[in-house]
Amino acid sequence: MSDIVTFGETMLRLSPPGNERLENASDFEVMAAGAESNVAIAASRLGATATWLSKVPETPLGRRVVGEIRSHGIEADVVWSHRGRQGTYYLEKGGEPRGTNVIYDRENTAVSTAEAREFDIERIQDARVFFTSGITPALSSTLRETTMKMLKAARQGGTTTAFDFNYRRKLWSPDEAHETLTKLFPGIDVLVIAARDARTVLGFEGDPRQLAHRLGSQYDFTTVVVTRGADGVVGWHDSVVHEQNAYETDTVSPIGTGDAFTGAFIARRLHGDDVPTALEYGTATAAIKRTIPGDVALVSKEEVDAVVKDGGQSISR
Amino acid sequence: MSDIVTFGETMLRLSPPGNERLENASDFEVMAAGAESNVAIAASRLGATATWLSKVPETPLGRRVVGEIRSHGIEADVVWSHRGRQGTYYLEKGGEPRGTNVIYDRENTAVSTAEAREFDIERIQDARVFFTSGITPALSSTLRETTMKMLKAARQGGTTTAFDFNYRRKLWSPDEAHETLTKLFPGIDVLVIAARDARTVLGFEGDPRQLAHRLGSQYDFTTVVVTRGADGVVGWHDSVVHEQNAYETDTVSPIGTGDAFTGAFIARRLHGDDVPTALEYGTATAAIKRTIPGDVALVSKEEVDAVVKDGGQSISR
Amino acid sequence: MSDIVTFGETMLRLSPPGNERLENASDFEVMAAGAESNVAIAASRLGATATWLSKVPETPLGRRVVGEIRSHGIEADVVWSHRGRQGTYYLEKGGEPRGTNVIYDRENTAVSTAEAREFDIERIQDARVFFTSGITPALSSTLRETTMKMLKAARQGGTTTAFDFNYRRKLWSPDEAHETLTKLFPGIDVLVIAARDARTVLGFEGDPRQLAHRLGSQYDFTTVVVTRGADGVVGWHDSVVHEQNAYETDTVSPIGTGDAFTGAFIARRLHGDDVPTALEYGTATAAIKRTIPGDVALVSKEEVDAVVKDGGQSISR
Amino acid sequence: MSDIVTFGETMLRLSPPGNERLENASDFEVMAAGAESNVAIAASRLGATATWLSKVPETPLGRRVVGEIRSHGIEADVVWSHRGRQGTYYLEKGGEPRGTNVIYDRENTAVSTAEAREFDIERIQDARVFFTSGITPALSSTLRETTMKMLKAARQGGTTTAFDFNYRRKLWSPDEAHETLTKLFPGIDVLVIAARDARTVLGFEGDPRQLAHRLGSQYDFTTVVVTRGADGVVGWHDSVVHEQNAYETDTVSPIGTGDAFTGAFIARRLHGDDVPTALEYGTATAAIKRTIPGDVALVSKEEVDAVVKDGGQSISR
Amino acid sequence: MSDIVTFGETMLRLSPPGNERLENASDFEVMAAGAESNVAIAASRLGATATWLSKVPETPLGRRVVGEIRSHGIEADVVWSHRGRQGTYYLEKGGEPRGTNVIYDRENTAVSTAEAREFDIERIQDARVFFTSGITPALSSTLRETTMKMLKAARQGGTTTAFDFNYRRKLWSPDEAHETLTKLFPGIDVLVIAARDARTVLGFEGDPRQLAHRLGSQYDFTTVVVTRGADGVVGWHDSVVHEQNAYETDTVSPIGTGDAFTGAFIARRLHGDDVPTALEYGTATAAIKRTIPGDVALVSKEEVDAVVKDGGQSISR
Amino acid sequence: MSDIVTFGETMLRLSPPGNERLENASDFEVMAAGAESNVAIAASRLGATATWLSKVPETPLGRRVVGEIRSHGIEADVVWSHRGRQGTYYLEKGGEPRGTNVIYDRENTAVSTAEAREFDIERIQDARVFFTSGITPALSSTLRETTMKMLKAARQGGTTTAFDFNYRRKLWSPDEAHETLTKLFPGIDVLVIAARDARTVLGFEGDPRQLAHRLGSQYDFTTVVVTRGADGVVGWHDSVVHEQNAYETDTVSPIGTGDAFTGAFIARRLHGDDVPTALEYGTATAAIKRTIPGDVALVSKEEVDAVVKDGGQSISR
């Protein structure tokens, strides 16, 4: 029985080293990367026990992904499939004025065929929190249904449901996302959403404080967190809005920053922290994540504590 | 106007360095690899001018593939597509008693939608040789038709047609291959085929000499080359069978050996060599290829000459 | 509850790439390596569920080791320690006429202080097999006692005990090993031992068949396997001796060959195979291991089946 | 027939990875790098067809250079030589307060013997623009004459001539450069020159606007572009001066910034843009170039459009 | 006979590439690193002849360390030992808000057993300066005594003694350091100390100017240099305090900055510079060091001169 | 004062990793390589003190070469030059049937201008052996004279002179070599020569025993060693011929095999061994060299002893 159970796709991420371009790369770095496994790992790093659910092809590539997730000490409870591809994506690091570029190659994957009945739903119902993100229902109509069923099952089992809106324009249009995701909202307790997505996809207006308030009021969420990149986050809970600034960072990889925040926020809430404290820990974890290559928040609780307490340190020897 | 024009898919090849396994690789080496571009490059190395035709997605991955092919000095006359994936494959180097393993990820590619009318067919008709392989029609029904049309057009233009049987069991069954490929046989002048494929797919029996003879007799080929791995090749031409032994090699990469042979054989035939001499040059080129990483025969005419003349040399300084 | 539980030290292995020498290496490849975790992984690959027990420092290095072991899908049930080093060793690959060289740097490790009472002994007693090797008691007097207690506990719990003699001359003298290890023999059901160790350390004489027979007769083992390198293995069971030849291999890394054999042998015995069949599977697993870099048998059951059935294959595409 | 034809030396560039020093490097990254091929590639990226002319040794090193240039999709029309070295240079990346250091090893090269009669001058005369830089005549007296002849031939053929002043103090003194290059000025339509060179080598005074104006007035140029590093560029055309600021960049490699500007500026002028628009595109291309390792502007037209339109973007997924 | 002789431990430094974390590194970069050899090398780069004394295990690891030190052109006069380990440390590069982390693994080393009688003390007495740092006596009680004896011998031989306070909290407590190091002070002529250490370990108060003055007054030093990181250094000599600002740098590796300063300061003093000039050269050397990976100041005298004269330069070609 | 002093060029060796071809390499491995420094290092490894004399450009490339030589623990007594290039060569590893290929780029080097008067000739006269090879006089007419003068000076000082014939067809013709090198013979005590060179360049006939005898008889050598590759060596001394077989090896790099032999042979002769014993040690050193990447014999005396005693060993742990 894990504190948090997450469900979603984890891809093989292929990226040229450093600032090389895909177009003339002679090597790719290989990693396993997915929002939901990232959240599970970040939560685990902050002290929660965590399980990641997915469906994965029974191939060396599928085993490659699952092995890496397991190396982080969380449970990977996957359905091994003899059909469907392993999803991949190509990431090319940018730099002003050229943005970081992602090329998805995730059609016809094994996970896109995952149905709720293939999983042991009691694992979700025995957990304290169930998490997935807006990427999952964007991947296939099957997954739309599966997501809905899992959220419902979690509710029935008394499990808190958390959801990161995570709009990806390369997967679907704002309208499609709007229609699908708002249907899931009634089953969600804790919503994390970028201010940009609240505006562009959901059509809300106002500054992040207002967005959080309006989202919290319009739907039946317990908690709403609006993220605003380098400006930190805003949390709405019990009709109160809390602001948390982001930390200054030497950014090595911005990918996974939001997942690091969400995993840490959930873990600290499970640990008993109030919302402002959990926002602070989430933000500190996200800050450290940015100093680390890859998608995963390879942090220790001690490091996060140190940042929360005194904003980090110099050479420790 | 090139001496030889080839048509087929060139994939992005991803392989762990050295003898690492896919399952725990942290890096992939990236190359462009495809039978038909390999043949064009090998022919070019031996002195023929060469063009490779294909259809490629207009993405960094597609440009990655085309750029590498162009670096070898052949012309890449590709249709740039806004739909369809770039095909990839994962290669894991084996070693006795574990075989080299290939995982294809080449469904729904741009090339699988390539129709004859998208290409400038006069380029084929102006060439002296048109080449494709049994991999191409295995990729989609569209490509089956395209292959047929191109072979016909070549014939109409007076262009010699050459074809490598190249059966791939991970793409289709022997029966499917048999049915499809024998339909193409009437349009083919020069057939290259592995003894194993002649037996398993086409149902012929006998030793390689007999296979060459029977294939040449039963169908209307001008030339038939039966390859038999480490035992060399057998060539049938004008009802005469010629044997050529393989050279001893320090094998670094066996992938692409057959393509190196075929490209060199065609180039030397175009140069005016008789069949036995062309077989010898093809075999020498294939031997050097095996000492070179990757799929491509990065050889020079001088090196091939040296092997044909005196079987190679030691340190040259 | 795992089928097999193993106990022992897993080190951080540092080795220069390829054939580079330690003396002027500018990079080290980093891996986790230890006989007992190797055996657990090999058993798991062949279908058994497996757990590895150890004591590890609560540092990034300790987490590095445990993370890698977990990536292989076995359970790592470790005592995290705030005292003691992470053991390391430096490996320099040789080649005739220069041997592979190992430099141990494994004194004052966390694991050397591991006491039986720190572990959940019921995990051993619930397993079907408990495995450790002669390396463990060589590391400290504390570990000598811990090994003895764990073997005894296993017996009391009805768990089969398996032991690889694994004499390491850089850890102790033959006399010390003789004295310590023979004291453990009464608690051991299945002994794996190199013919060389049986002669040099235990003072037995004869060919491997005789060694197996004499060891089996003199002590109270159920099964004795005598390994003889490239000449294969000999298994003694129910007073019958079975011989199994080794497979020809393209050896990339000989390290871990014995562990691969032992893990596979145990897994197949647990699966219900008779001794000759288990010896065959062990030998095939060991053969594939030799084609893989590192210490770990990154094999699949299908690959081992293929070798047992037809001695492996060539390019699969 | 290409829109733009360039002529000059392309070297093998050898550089330690990252910020390593030459003095203790154990590896060099290898690239092909030269101002004139850089300009051709940048122009091609922005939509012009491009050809690079040069003379290259018929060795693996020469083929290495030509292959890389061809991979960028431009035509490499080179004279293969059996005499003369392949030029190389060593580049060591600096950082404040230590400058980037370049060590030229480009004496006695094949290209230094290139005479105009070795090339098909009609290729220059059929092009819309001919480009070379002040580096070419600095390399040998033969090349001084060749440059002069090619510029003259271009004029005779009605081809616009463009020239980057590119003063290199490690090749010749300001006086030598002054004397040689001003002799070429009468044959040049479009001059690109660094403000620093206009002052130090040509002895002009004033701010970049004044420099552009004075250069344009004193000689018979159609267009003069004065570059001023991080402060952008100034363009003089039809007696009007246009200013264009540089974009903010996360600079990975400043090498080749000027060539990226020039290639893009020329391509956009050929495309029909007016001077201010072409300056803007040139500057945007130069900005993206700075985010890319190596000398070459591996950009796409879409990326440049995006920067011109809205100053770039963040993660695109 | 060298101008400067230093004594201390040089470790094998193991660090993941770039910003990777130890916890999932698959490779370590390997270097030799130690304060006292760093100082000798920096002094040598600035023109002094230098010797480093140490005790090193007679193993490939020990030879690895000594070979690298020798490659820098200084003399390595080491006692080869058949007992004791080679000290290692693991370095993980940080970034705001996560500090750089160092894990020492330097217990039971060969050098910790080094006694004064094992060295040719005349080498110290023939030198113009003898240098060691506060790290050396922190390593063992034997080394405490050895440090004391060497400082005394130097004094007796008329050799100037220089000492970097170098407090390392991972080696000992402030109290232990205070007690031990102040006992050494009477034998020291030139003290270099971080402002932070002067406050935390020695209990002094005030700004760096005051610290320098108070240290100089309370003890019998000839020269005191107080370093204050990015704010530069303060030098006290003949009762006068001199300030020197730090240069702006693009920092690649801050490790070894202090050693670079100290080595260059000593070399310039030996060369005859007054204290302010030597402080300036020391600061310039430290600034260039920060642009270079690793611990060692791989600078040339010309580069340091250039920084002192005009604050560095841009691309030199 | 060193036991052995050698004189000659050491180049920067640039080679693609593994079996990659120069023609499409993206990285070069960098090493310092030269016959005379190789011999000095091999002699030093076997217990002799050694000095290498040369002339090197005062550039980062020159310092790169000298630093690496110094790292091997021998003295590098070089004349630093402000004129002339650092010699380089490109090495491409072959494999049957394609030979290893070397491309020299060593014209107009600093060393080619080295005159005897630039060196401290007493260093040669104080040594017990002076060594150079037939490569040195092949590099320039200046070096021809310098070689002659150094050999004469050595004789005058009572220093034994040793010489490796080392004919390089890419440097000069057999006739040139014959004329130049036979003029040096009267000044040489110990000659090492490949059987092939004795035949091709000097025109001798017969098997290696006969060649050794005839060379020894015709000229005034004390000792002649004829090497015959995989068949070992033949030594002639005091009119007696001794044969020594080569050891079986797993060859990683054959480059430098001869230098390893010669350095070890000289060191053992200096140590007092008779010719047959020294031949055996030389052959064993050469055998281990072949298992090591690069040109240099990174061996230890213990390893050579082990091979001489029992032909090497397997895994040592």
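Order of writing sets the chain letters: A, B, C, D, E and F. Residues in each chain are counted from 1.
One rule holds for everything that comes next: a residue touches a chain if its C-beta (ideal position, glycine included) is under 8 Å from a C-beta of that chain, and two chains touch if they have at least 3 such contacts.
Molecules present, by chain and UniProt name: A, B, C, D, E, F = Sugar kinase.
These numbers come from a predicted model, not from an experiment.
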Co-neighbours of chain F and chain D - touch as defined: B, E
Partner chains shared by chain C and chain F (touch criterion as defined above): B, E
Same or different residue numbers at the chain A/chain D copy interface, by half rule: different
Chain whose average C-alpha position is farthest from chain E's own: B
Farthest chain relative to chain A (centres taken as mean CA coordinates): F
Whole-Å gap between the CA centroids of chain B and chain D: 39
Euclidean distance of C-alpha centroids - chain C vs chain D, Å: 62
Where chain A touches two or more other chains at once, by residue number: 21, 23-24, 26, 67, 71, 101
Chain pairs in mutual contact under the definition given at the outset: A-B, A-C, A-D, A-E, B-C, B-D, B-F, C-E, C-F, D-E, D-F, E-F
Residue ranges of chain A touching chain B (in the complex, touch as defined): 14, 21-30, 59-61, 63-64, 67, 85, 88, 90, 92, 101, 103, 105, 107-108
Complex interface listing, chain A residues touching chain E: 71, 247-252, 284, 287-288, 291-293, 298, 303, 307, 311-317
Residues on chain B engaged by chain D in the complex (per definition of touch): 66-68, 70-73
Contact footprint of chain E on chain D as seen in their complex: 18-21, 23-24, 94-102, 104, 168-170, 254-255
